[in-house]
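Right after this note come the structures.
Both of the next two complexes hold subunit A, though its partner changes from subunit B to subunit C.
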Partner chain A sequence: MIVTILAIGLSVVVAILLIYTIRHYIFTLNRLIGRHRQPYVDIGVADWPLVTVLIPAHNEEQVIEGMLDALLAADYPTDRLQIVPINDRSSDATGAILDRYAAEHPRRITPYHRTDGMPGKAAALADASQRFAGDIHLVFDADYLPGKGLLKQLVAPFFDPEVGAVMGRVVPHNLNRNLLTRLLDLERSGGYQVDQQARMNLRLVPQYGGTVGGVRRSALEAVGGWRADCLAEDTDMTFRLVLQGWEVVYQNRSECYEEVPEQWPTRIRQVMRWTKGHNQSLVRYGGALLRFPRRMPVSRAIDGLLLLGVFAVGPILLFGWVLALTLYFLGASLLEGPIAVLSVAAFGTLGNFAAFFEVATATRLDGTTRRVRLLPFLAFGFLVNLLAVSRATASPISWIQGSPMRWDKTERYRSEEANQ
Partner chain B sequence: MSLPNVTDLRRRGSRGGIISAHRSMVGLQVRRRRVLSAVLLALIGSAGAVVALQPIGRLWQAIYTIALPRLGLDPTIATRMLRFPGLSFGIDIPFPTLTAHWPTNTEMIVVSLVSIVLVGLTLVLPSRVLPLAYFVRALVVIQVAALGYFTFATPPFPYELPRYAAGFLSAGAIFLTSVPTVLGLTYYLVDVSLWRKVFLTVLLFGHLIVLFPLQTLVHVWTIHSASLLLQPVLFLVFGLLVDVLVLVAFYGWGMSWPAARPRERRP
Partner chain C sequence: MSLLPFLVLVALTTIWIALPLIPAFRELFRPTDATPLSVVTRDAGNLAFFAERFHGWLESQLQTLAPSTPAGDLYGKLSNGNGFLRVRDRPEALARGPLPDGAHDRVVVTERPVELQGGEIFLLEVCARDTWDGGPRTTLRAIYGERDVALGAETTILRWAHADQSLTIGPSSSLYGRISAKQTLRLAHNTTFERIGAPTIEIGDRQPPLPSTTISRTPWTPPEHAEAIGDHLRISGDLHLPEATEYTGHLVVTGEVRLGRGSRVNGSIKAHKNLSLADTAVVTGATVSRTVVQLGTRSVVGGPIIAEDEVVVGGESVVGEVERQTSIVAPSVRLGIGATVHGQVNTSRAGTT
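Up next is the complex of A and B:
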């Protein structure tokens, strides 16, 4: 009897993993041979809207100058561009650096210093977005390095009035530092080049990722602005927009360079934060999607649910291994099949960490194929992710209305020489 | 004189060179011939693998016949019939018939101590090898579960060693036959030349054909020598997971090979 119950449990786990694997496979196939869909891009002459670029920054003295220099070099009309770095109670030289840049570029950079209120990126955005009047609010992390034409590329999709948010592609610039950065580069490739683009092609739910993208202010106001009590304000915003009928679009062409974590503990903290935030969104919006809103295609609602559930796959997979172990000791037969599925899943069907064939396809499309030889090492990254996600899922803040009470900031590694 | 292809002209620069598409927009040109070759390669590969299992079984038997006496082990080999649904014939899978003993108290204590030492080592490892530390801890967790089982359970163990070996090799045989299908899902579709696809498939087959019996031999020898206590960790971590790792490694290598014709990428 117990064996039967556990075997059913393991079958359910295997079924869930297969659903995600099939989903990744459909995305891969679509990206390889499907019709490419992209929003407006490469518009040269237009009546460009007023854009506010928000850069939440908490103790970002190592990287903020690079970000501001890159934005100052952008080809967006200067009279239509407000650069608003948000100094959220930094205790390092971030505030002073911002003031210096504001003095040097008085009409272009308007720093916003936060000294009180709730800490965290979501709260900083909620606060700042009410004070600046841009039609489009673009958001970047402080360590990002946007190219000269990126702002126009990210704003162009908003000429379509149905578009509420735009997301560009994130590309690591410090990929050659060690195994971790190389693995993260592979993950990012799979996640953006294949996963996000396929969701765009298939009219599912491309995710606004909160770092290389933006939101239309009227859409922002329509859904009630940024929620300050989020750990993943990007996922939260994506689903609020989608549920209200706005389009969230992915622009694969708009690449922006980021600094990925170079140390495993930093990476673990990042994954745990994402997990908690994502799970919050699952609790908040999973029910609404399950009711299959009338205005939303069923395929989009299903994909939205699967997207919200991606971080739950980690604990489910872990549970699967525990069930397999228990069944093994209870003498159950025919375990090789489920073990094979659990083994394949160990090469990445968790979270936004793409499956191995998705990563390989992405690197092939990118034209930088030698790095894909690291593919088997994804299992190591996956093991760390699996435990980090499971730890975060076990935390109550992951599921209840947890307010971030502090900045859970990702450590930076850029040296002064690199900035120069 | 034939007219130049309009699609090709569209990608020509003013000096006649090809303007390559940005990586964000490239995809693969769907050519009927390639899709057909992918399907055929997968079908022929899988069918060929099923047909080849009989001689592969004989090869595995030869490996055991040579290796078992050299390891000082009982060379007796049995066979188990593996049947595929829809096929009238079965395949004999040879396996060693060595048995393993229930763990003794001394073995339990030694494995417990080794587990404690391993966990201790993971605590002093530098953070840059954290995945290795996690991997070792995962091994220890499974080993501790096995220690708990053998402390409270009574013989016989549900998986006797010959049954375990036969089961693993049968799974290996099924795995071998599924390799072309797995490769067919994406690898056979990409713009790598046909001979390279065949080459990778043969190479992967060759590797797995040798790996499965040697892997089983290592498992059997270890469990026979060190008791059933190590069987769970070998089954769960060093069993099919290793073979999937090999498949992924070869797949990654194959995906890194250059395109047959760079111009085939569609903008």
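Up next is the complex of A and C:
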């Protein structure tokens, strides 16, 4: 009896992993042989709308100047651009730096100093977005370095009245620091060049990622604004928009440099925060997607569910390994029949290698063929992620709604020299 | 029993597993590909980017010429090793270049009005400081005109062409790359292009303006199943806006859209399928389709036109305004004779007139 139950459990695990494997392969093959959809990026001239650029910043003295300088150099019409750095109770020199920039550029930079209210990026955005009247709200993290033409590229899709949010591509600029940064560079390539763009090509659910992107203000108001009580306000916003019938657009050519974590503990904290936030969204919106809302095609609802469940795959895989070992020691034979063989083979090989195939394809599409030699090390990164995700999944914050939030800030590494 | 076979097996297995790690360790300790991806920054959006960069570079080159340089025509070399020809006195020098087929393999700078017979081949860039009047069947790699530039029938541009004033291109020409003018760009019929831009782009010979007609419109009432989502109205299925009706607001339609003759949308409109504007229909905002946008004759669109397959602009239609320039973006674009576009047309496959 126990063996039967465990075997059924293992079959479910294998089926889930197989679904994600097939998903990876569909995305990767789409990028290799499918049609590349990027309908808005060539809008070069237009009557550009009023844009508010929000930059949540908590103790960002190391990087905030680089961000502001980059935005000041943007080719967006200055009379249509409000730059709003949000100083969220920083205890370092961030506030003073923002005031100095505001004094030097009084009509262009309007800092917003938060001294009370809920902490965290989501709360900062919720608070600030009600005070600034731009038609489009673009959001950047403080360590990003947008290029001159990026704002126009990110705003262009909003001429389509159905577009509620836009996401650009994040490119690490500190990848040459160590093994971690190089692995993160590979992961980012796979995630954006293949995963996000394939979802764009297939009209599924490209994810608004909370930075290098933006939201239409009327869409923001229609879905009730930013939720202050979530750890992944980007995932939360993506699903509230698509459930209401808005489109989220990904633009692979709208690239922006970011600083990736250079130390494993920082990276682990980042992954754990993403996991908790993602799981919160799974609880909030999984049911709605399962009911296949009429404003969404079925394919989009299924992709949305798989996207929300992506951080659950790690713990499910761990669970599968435990089940398989238990069944082995209970003397159960797992290799009976061709279907079982196929399942175990898929679980053992394809399930693991599909993501690697995705990353390798991304490096090929990026034309960076030699960095793919680091691919075997991704197995190590994968194991670290697996443990971090599983630990975060076990945390109650992953599942409890309305938990108190706090700034779990990612450390910055940029030197003064690099800023210049 | 000997342990040797077992140990050999273990050693071979270890080597087999470690094999893919050798290039990985080499790349880790001796990086050969660890620079950040280059991101698109400078040239995006500005069609004249390459032309302006060439012009700036050429200016800096010419300023370094020795003061003793002869005042008339001049053959010389630029710092990148390319030869150059400056024409001040004898434009006949342009009729035939030094290569066996008569092609010019020098950068050409003309400092007086030029009128060519046609058939010339310029394998490097041309900078025309005064007017340039090209004959038929000319091939140019690239041309920068500081004043008006006119190119004859069957001209071929390989990289870019830009005029600080007007740029006129004769019929049956092939325009690869970026074509731009600071004032007016005129394209004759049967011309193919990739990316064009100017405050005013005119297709075909300039026609006398047709007498304007005043259309009396009645308000259009959306169907009951239309849903308000944010600032737009979402309509499931097809939509036909009747003749001479008017709606104010943004529309998203999950089927096909047909805007009747003389109808008007004061806002933007998107169709998941084909979107067509009948003659004299007007959309003041953007016009978006997942497939094809087709504008009838004398229709008007104020904002960007975005289609994932094709845009067809009917004769005498107007897109954008001089003070409110806009873009047409689609893999394939056809511009009808008499059409006017204020802004840019960007195609990923081909545009035709």
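In the analysis below, the second predicted complex is superposed on the first by the 394 of 420 C-alpha atoms of A that agree within 3 Å, B and C clash if a C-alpha of one lies under 4 Å from a C-alpha of the other, contacts with A are read in each partner's own complex, and residues count from 1 in each chain.
Rule of thumb we're sticking to: a residue touches a chain if its C-beta (ideal position, glycine included) is under 8 Å from a C-beta of that chain, and two chains touch if they have at least 3 such contacts.
None of the values given here were measured: they were computed from a predicted structure.
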| item | value |
| --- | --- |
| Clash-or-fit label for the pair subunit B, subunit C on subunit A | clash |
| Subunit B versus subunit C as contact partner of A:D160, first or second or both or neither | second |
| Which of subunit B and subunit C A:I136 touches, first, second, both or neither | neither |
| A:F357 touches, of subunit B and subunit C: first, second, both or neither? | first |
| Contacts of A:T369 with subunit B and subunit C, given as first, second, both or neither | both |
| Which superposed partner A:P172 touches (first subunit B, second subunit C, both, neither) | second |
| Partner chain(s) touched by A:I43 [first = subunit B, second = subunit C, both, neither] | second |
| Which superposed partner A:E255 touches (first subunit B, second subunit C, both, neither) | both |
| Touching both subunit C and subunit B, counted on subunit A across the two superposed complexes | 253, 255, 366, 369-370, 373-376 |
| Residues of subunit B touching subunit A in the complex | 22-28, 30, 127-128, 130-132, 134-135, 138, 142, 145-146, 149, 153, 158-159, 167-168, 170-171, 174-175, 185-186, 189-190, 232, 235-236, 239-241, 243-245, 248-249, 251-253, 255-258 |
| Of subunit A, residues touching subunit C in the complex | 37, 39-40, 42-47, 75, 147-150, 152-153, 156, 159-162, 164, 171-176, 179, 182, 185, 216, 218-219, 221-222, 244-246, 253-257, 295, 366, 368-371, 373-377 |
| List of subunit A residues in touch with subunit B within their complex | 25, 28-29, 31-34, 36, 38, 169, 178, 180, 193, 197, 252-253, 255, 263-265, 268, 321, 324-325, 328-331, 336-337, 339-340, 343-344, 346-347, 356-357, 360-361, 363-367, 369-370, 372-376, 378-381, 383-384, 387 |
| Touch list for subunit C against partner subunit A, complex | 20-21, 23-24, 26-28, 31-37, 39-42, 44-47, 195, 197, 227, 229-232, 234, 250-252, 267-270, 285-286, 288, 303-304, 306-308, 324-327, 329, 343-344, 346, 348 |
